[in-house]
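Everything on this sheet refers to the single structure shown next.
Labels A, B, C and D are assigned to the chains in the order they are written; within every chain, residues are numbered from 1.
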């Protein structure tokens, strides 16, 4: 199973990369754990998680080819 | 004593004229009486009266060279 | 007080989109502005008793309107944190589809700009001695009524 | 659902006054419109810790933003009596004094146009995945925070 992870705003300052491909993950908690392991600074950041362009609350099961996005507080306009 | 009377909007459809000079009047009630005598249709109309560009309530004493205006409901914008 | 003391708001004929663009552009050097709110009144081709409005002809007691507008502007500035407030109202003929009222407020922050613009529009409609005469396609007319 | 289903709102660089004029002009053949309400967000040259903002660089999760904007638009149309609603948001660099957000609502009547515009602006600020990076004169930056 393959999942795409998109990174935005100030979070990208930490990861440097805007997009990751992650394999063998089952849910969003696993994604966040892996990201935190590689980029410990992410733990301090405030952000929402979107799965397939919808904000999720709590852990969410993923399916193949899903897109997960980490979204820091919006500041458009 | 000489007073100027200005007529606006639908009231002008009745008086035809936009401006009158009235002499020997003491207050706004006298102005309205005279206008009503000449243009009886004015009695049916709804309007405010301004003296020197300020809306007045009730009868108001006039002074020489004052301007009185008859203002039907506003419909700008 | 001479009428010249008060800023003129009246323009002959419609407010054009180019005029609006020019006024927006003129605010781009005011870099403390974060929000503009604009209201535009456009003449509708209303159908009334089977006849269609082709234009509105506006007249005003201009001297009194400018005194009143001055007071509205002062009161709006004292109530909201505004950088600028501009009002333009047409006199004479404005055809349906054309713009007859342009209210333009600017502020560092959006709520002040939006709320001030909204309040000025309401006050202009209620308090400015301006009259609209709706002209129909058969050359008859009806005096406009604001609500 | 393919992203192409949703109307694009993003433009590269600032919203120009000429673009705004063009959009206003395009509504003059809609003669049932009586009121337009326009909101413009302009980049402020804020001073933060002694440094001045010279520009904001905007990025977005575009695909998600367009889905969300579609929902906001639908909900606004169901709530207010609107003829049109248009939104344009800049991506990339917008210098201080330039415009980065253009919200444009039209209705037969003023309250619907004004209230719908105001509500859309609030929702855009809160709900659209867009990020502004404030660029300073010394080439440092700070991520913008909306309030």
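Note that contacts are C-beta pairs under 8 Å (C-beta built on N, C-alpha and C of every residue); 3 or more make two chains touch, one makes a residue touch a chain.
Remember, predicted model here, so these are calculated numbers, not experimental data.
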Contact-linked chain groups that survive once chain C is dropped from view: A, D | B
{"item": "Distance between chain centroids, defined by C-alpha means - chain A, chain D (Å)", "value": "26"}
{"item": "Interchain centroid distance [CA atoms averaged], chain B/chain D, Å", "value": "49"}
{"item": "For chain A, residues contacting two or more additional chains", "value": "77"}
{"item": "Multi-chain contact residues (two or more partners), chain D", "value": "41, 110, 121, 125"}
{"item": "Contact pairs between chains, per stated definition", "value": "A-D, B-C, C-D"}
{"item": "Chain D to chain A touching residues, read off their complex", "value": "41, 58-61, 63-64, 67-68, 89, 100-101, 121, 124-133, 143-146"}
{"item": "Touching residues on chain D, where the partner in the complex is chain C", "value": "17-18, 20-22, 24-25, 27-45, 96-99, 106, 108, 110, 113-114, 117-118, 121, 125"}
{"item": "List of chain A residues in touch with chain D within their complex", "value": "6, 8-10, 50, 53, 69, 71-77"}
